[in-house]
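What follows is a group of structures, each given as structure tokens.
Look for chain A in each of the two complexes below; its partner is chain B in the first and chain C in the second.
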Partner chain A sequence: MTTDGGTAARGGSRTRSKGWLAALPLLAFVALAFGIPAIALLFGAFTVKDPKTLTSSFSTSNLTESLQGNYLNTLISSVQLSAVVAVLGAILGTFLAQAVVTSHSRALRESVLTASGVLANFGGVPLAFAWIATLGNAGVITKAFGLADGSWSLYNFWGLALVYMYFSVPLMVLTVVPALDGLKPQWREAAGNNGATTWQYWRHVGIPVLTPSLLGGVVLLFGGAFAAYATARAMVGSTVPLVTLQIADALTGNVLIGHENMALALSLDMIVIAGLVMAVYLPLQKRSSRWLR
Partner chain B sequence: MIASRIRFAGLAAFLLVGATACGAAPSTTAAPAASGGSAAGVDARTATSAADFGGLDKLVEAANKEGKLHVIALPPDWANYGKIIAAFKAKYPGIEIEEETPDAASADEINAVKTRKGQDRAPDVLDVAQSFAISGAAEGLFAPYKVQTWDKIPENQKEATGLWFNDYGGYVSIGCDAKKITTCPTSFADLLKPEYKGKVAMNGNPTQSGSAFAGVFAAALANGGSFDDIQPGLDFFKKLKAAGNFNPVETTPATIEKGETQISIDWDYNNAAYAPKMAEKGLDWKTNIPSDGKFLQLYAQAINKDAPHPAAARLWQEFLYSAEGQNLYLAGFARPVLLPAMKADGTVDAAAEANLPAVEGEPTFPTEEQNNKAKEVLASGWGAAVAG
Partner chain C sequence: MVAVTPVLETPQAVSPARPRRPRIWRGVVLGIAAVYFLVPLGASFWYSVYNDQQGFSLSAYLDIFGAEGFGTSMLLSLAMAVATIVVVLALTLPAMLAVRLSAPRLGPVLEVICTLPLVVPPITFVAGISTVLRWGPDYLAATPLWATLIAIQNETFPVVLVLAYVVLALPFVYRSLDSGLRAIDVRTLVEAARNLGASWPEVVFRVIIPNLRTAIASASFLTLALVLGEYTIAALLGYRTFPVWIVTISGANGQLSVAVSILSLLIIWLLLLTLSSAGSKRRSTS
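Now for the complex of A and B:
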């Protein structure tokens, strides 16, 4: 690392270092609340405890095992579910937001945004119970329409995806509405004046400008679905293999003993996957955010 | 945009903290417990029997001096613990019982012992699955203690030095709402019949719930497996799932009442205890021990080595293993470990015993190795058996 870089000579570095100082409490907090658990997690994920001698040793066997067989299946299934929810949620959310923005109705806009704010935070066990009571195997609608006689079941992959969409779509609306507001009418008029069709406007102006927000929404939805636990726990038990449920199995219960480090290894896998998603998103976002300058 | 990134980072941080900090319990400040029965010249922490205190009366005295008992994971509607706690309170009004997290699992109990060492809020006594008792004893978490009725507990139901001893248990059974199901299933083979489509549930997931794990073991025994081979049990549930009969909803009294789980594989004491409650709601909840797969398992008691109230902890055990305590388990449809002894000496509550679901034959038990092996097979195979 060389010290004769151009930025240091410009004198701006002094104010910048002061800025860093002001952020110190935040950094200390992050180091404490994020760093220590992360280190403990790393440490535990690479530790193996012998059940007989109770001695611990360093090993990569937890991680190796976490990427094989049943554990690998749960990781894949979690990623699939999150991806489905993220993509479908982003598409539906964007169309809904666009409809609201173009309607120019203040009342509609306010009510949709308020409802989205509430629904985006509706998750966990209450959400699962709301769906179970409505569409579960003894749910009101299931009974009223005799759905159970057909092949309807809420307790599978698509049922869970449907329930996750319930909070993902509103979250997408909240994320994308400000971006849609940012599409200036003048751009559209300018495109129209130059003879562009609606499709051409969206293809060459609208979507490129929106891309960072859309991608951000997809990543956000992916993360939300990937980390969700309580809803799935209450609704599908073990019939949809999910990594969060697998971690809970390893940490608590009346059956498995000594799988705690396995849970940490699975958590590490989750962090890596979340990191990979961010790694895909950040460069794309950088590239497309040029349009906003 | 930035907001969403921050939210995502927050989410990731939450995930991390959630994953690593699960074992940590909220706690009051550590208060080293006052030395238990030191007034009587005995250290309650090391006393291994009531005789060490100078008799049960002296133990009661020492426990009264402590005035408190901290218990964890004792659900009031499980094996009659609600009434057992009430009876203990009535008998020893000087001792306050602090109940905590009634629905906690064995792993949570062991965690509480480890993470709250030296705190006043550490659990004094534990009610855990037997394998957790064995592993906890190996880790040196328990104090050895022999209750007065120690000699009557069968040899294979206790640790020789008194680090743990089994308390009550039950058979895997099939509960069924006879109002909605015309013929209640009486065997695992029955469960595969097309008439039970989407109806067969369990009390939890076998990688977490002891009763569901036992259910898979019983299914294995019913389908050509053995204590050494649980795989046929997994295959059975795979078949059940393929037939469309497996219902992933986990049974609770509420799901039974709502008709979500019309057939449920669970301990017989849970299923039998639901019957009177469900009768009030207009359901006819019947309990059958499957004729083709009988599996009995007992839970174990242990005393925390660092119990903040060591004398009260020991008194609690004396109470549980007295005829009164054991009959209370029985009244909750659980089979107390002293049942054979009590039948022999006539202290058993005959009416309560008559209420137990009928079983023929002598129970046998898997060894710890067999249990551990079965759990490993289950942990890796269960997801694949019922996924989809």
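Now for the complex of A and C:
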């Protein structure tokens, strides 16, 4: 006993110094590849370059300007789009997940979950082109049903929301299925035996148990829609004001002289919003993981 | 009486209604979902094989392989993916083993570091990177760092993209490896191997890695899918990776770009299918 303990302790202390070193490359890498751009962003967001004298000075004017006028509108528009996609996606995804979970068909369940895994990863440029081919100006469905004669257009706020749902709903299905599986049939039977109606069961048992997963899903969907750039760029160009499109324009030099750092100020705004949203998500995820087993 | 009646009545009242009602709403939900998810796929396939001038033809698919830039952009994306996978595994695996074996207090730090990239939208990350690259000429021109900065922006192998992709892949790789490590008792395995006289490289390559095969495969597939689909960073830093190429050619040839989009969906589908079958094989054998 004593010898065993002694060896383990010695082995432990010997590997302790080595173990710390094994994590060092990752820490150094993140400090370099992630830390330096982050510091540059922070530094640049607070730097103003005078267009005439070309001297730089520290100021919060970029940030104040990024929260005014046109810039503020793109931020609000991005938040609105993400919120719409997150809430609708969460509701529809939950209904789809519940339909799959209660169907007791193994084949249906497997195929929907596999398809969700694929479609949740189907974002970016290809997604935009698939929808343009379907409901765009010369899209197959647009032509087949003569939608172009009406007021139909894919290249606006609601068109973008429709397309974003294509990866948001499957993501919600993947997020909420484990939680729906965690709702034990016994709880429902117990509620029924005590005289509860279906609505009362959901109101007092189902929804409270699901809340962390549902809110976690909403946050995840919000983050995905908020950060999306490629789909919007390939689909709507700049017709829908979005903060990601605005940052890209500012980065590629499509701005007034002296406004180079607006991209960085807007980026900082985005990170703050995304950070607040994630701050809600992480504790919820910890709580909901209780029901995953 | 009051307590008994509902127990007797509710099953009778509910059971005739129950099988019918859920079946209807379930059918409606599944039907709408099927239309919403399948119609764009079918329509874009139709779009890629049919047009009013030529009628039905598969030429868009044949054109992909002959199109100018397809080969180089695809090779660039694949090279980026392989380099990213190697680097991200070489960095995270030792760190996560260290946390399990000897530095548990580093665990929460590692988790925060590996989750952080999720909070940062790629577009803001690329804003930071391009700022650093632009500062180069102003502040670093006289130092050896300048040469490094030039070297990592090499057109044929942009190391700067690999650096960015490793950061983006960290959350997914961390989660895959974490669940893989949860499933095995690392400490016992390592102590057993060490007591039997195995050296550290032997422990890692002949004991740990074979036991983590599924987790490593899933981390690699996720990273591969991420790099092959990544547009934002490559486009804004001015590199012509595969997704950037698709957008470039879409202006000239709409049918071709839709065909490429369908092809890329098929590639993701095959990757993830391989991944899930690898996962279930593992589960059935253990």
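Following the convention adopted for this analysis, the second predicted complex is superposed on the first by the 232 of 293 C-alpha atoms of A that agree within 3 Å, B and C clash if a C-alpha of one lies under 4 Å from a C-alpha of the other, contacts with A are read in each partner's own complex, and residues count from 1 in each chain.
Note that a residue touches a chain if its C-beta (ideal position, glycine included) is under 8 Å from a C-beta of that chain, and two chains touch if they have at least 3 such contacts.
Given the structure is predicted, the values throughout are model-derived calculations rather than measurements.
Engineer: Quick check on the superposed pair: does A:124 touch chain B, chain C, both, or neither? Answer first, second, both or neither.
Structural biologist: Touch status of A:124: second partner only.
Engineer: Report for A:77: first if it touches chain B alone, second if chain C alone, otherwise both or neither.
Structural biologist: first
Engineer: With the two complexes superposed on chain A, say which partner A:156 touches: chain B (first), chain C (second), both, or neither.
Structural biologist: After superposing on A, A:156 lies in contact with chain B but is clear of chain C.
Engineer: One more residue to check, A:274. First (chain B), second (chain C), both or neither?
Structural biologist: In the superposition, A:274 contacts both chain B and chain C.
Engineer: A:208 contacts which: chain B (first), chain C (second), both, neither?
Structural biologist: Neither partner.
Engineer: Just chain B (first), just chain C (second), both, or neither: which does A:148 touch?
Structural biologist: first
Engineer: With both structures fitted on chain A, tell me whether chain B or chain C touches more of chain A's residues.
Structural biologist: C
Engineer: Jot down the residues of chain A that show up as touching in both complexes, chain B in one and chain C in the other.
Structural biologist: Residues common to the chain A contacts of chain C and of chain B are 33-34, 37-38, 40-41, 44, 132, 138, 223, 227, 247-248, 251-252, 263-264, 267, 270-271, 274, 278, listed in rising order.
Engineer: In the complex of these two chains, what residues of chain C are touching chain A?
Structural biologist: 6-7, 10-11, 14, 22, 25-26, 29-30, 33, 36-37, 39-41, 43-44, 46-48, 90-92, 94-95, 97-99, 101-103, 106, 110, 113, 115-132, 135, 163-164, 166-167, 170, 191, 194, 225, 229-232, 235-236, 243, 246-247, 250, 254, 257-258, 260-262, 264-265, 268-269, 272-273, 276
Engineer: Give the list of chain A residues in touch with chain C in this complex.
Structural biologist: 11-12, 15-16, 18-23, 25-27, 29-30, 32-34, 36-38, 40-41, 44, 95-96, 98-100, 102-103, 108, 114-115, 117-119, 121-127, 129-135, 138-141, 165-166, 169, 192-193, 195, 223, 226-227, 229-230, 233-234, 244, 247-248, 251-252, 263-264, 267-268, 270-271, 274-275, 278, 282
Engineer: So in the complex, which bits of chain B are touching chain A?
Structural biologist: 1, 4-5, 7-8, 11-17, 19-23, 105-108, 128-129, 131-132, 135, 138-139, 198, 204-210, 213, 241, 246-250, 258-260, 372, 375, 378-384, 386-388
Engineer: What residues on chain A touch chain B, complex-wise?
Structural biologist: 33-34, 37-38, 40-41, 44, 51, 54, 69-70, 73-74, 77, 132, 136-138, 148, 153, 155-157, 175, 179, 212-213, 216-217, 219-220, 223-224, 227, 236-241, 246-249, 251-260, 263-264, 267, 270-271, 274, 278, 285
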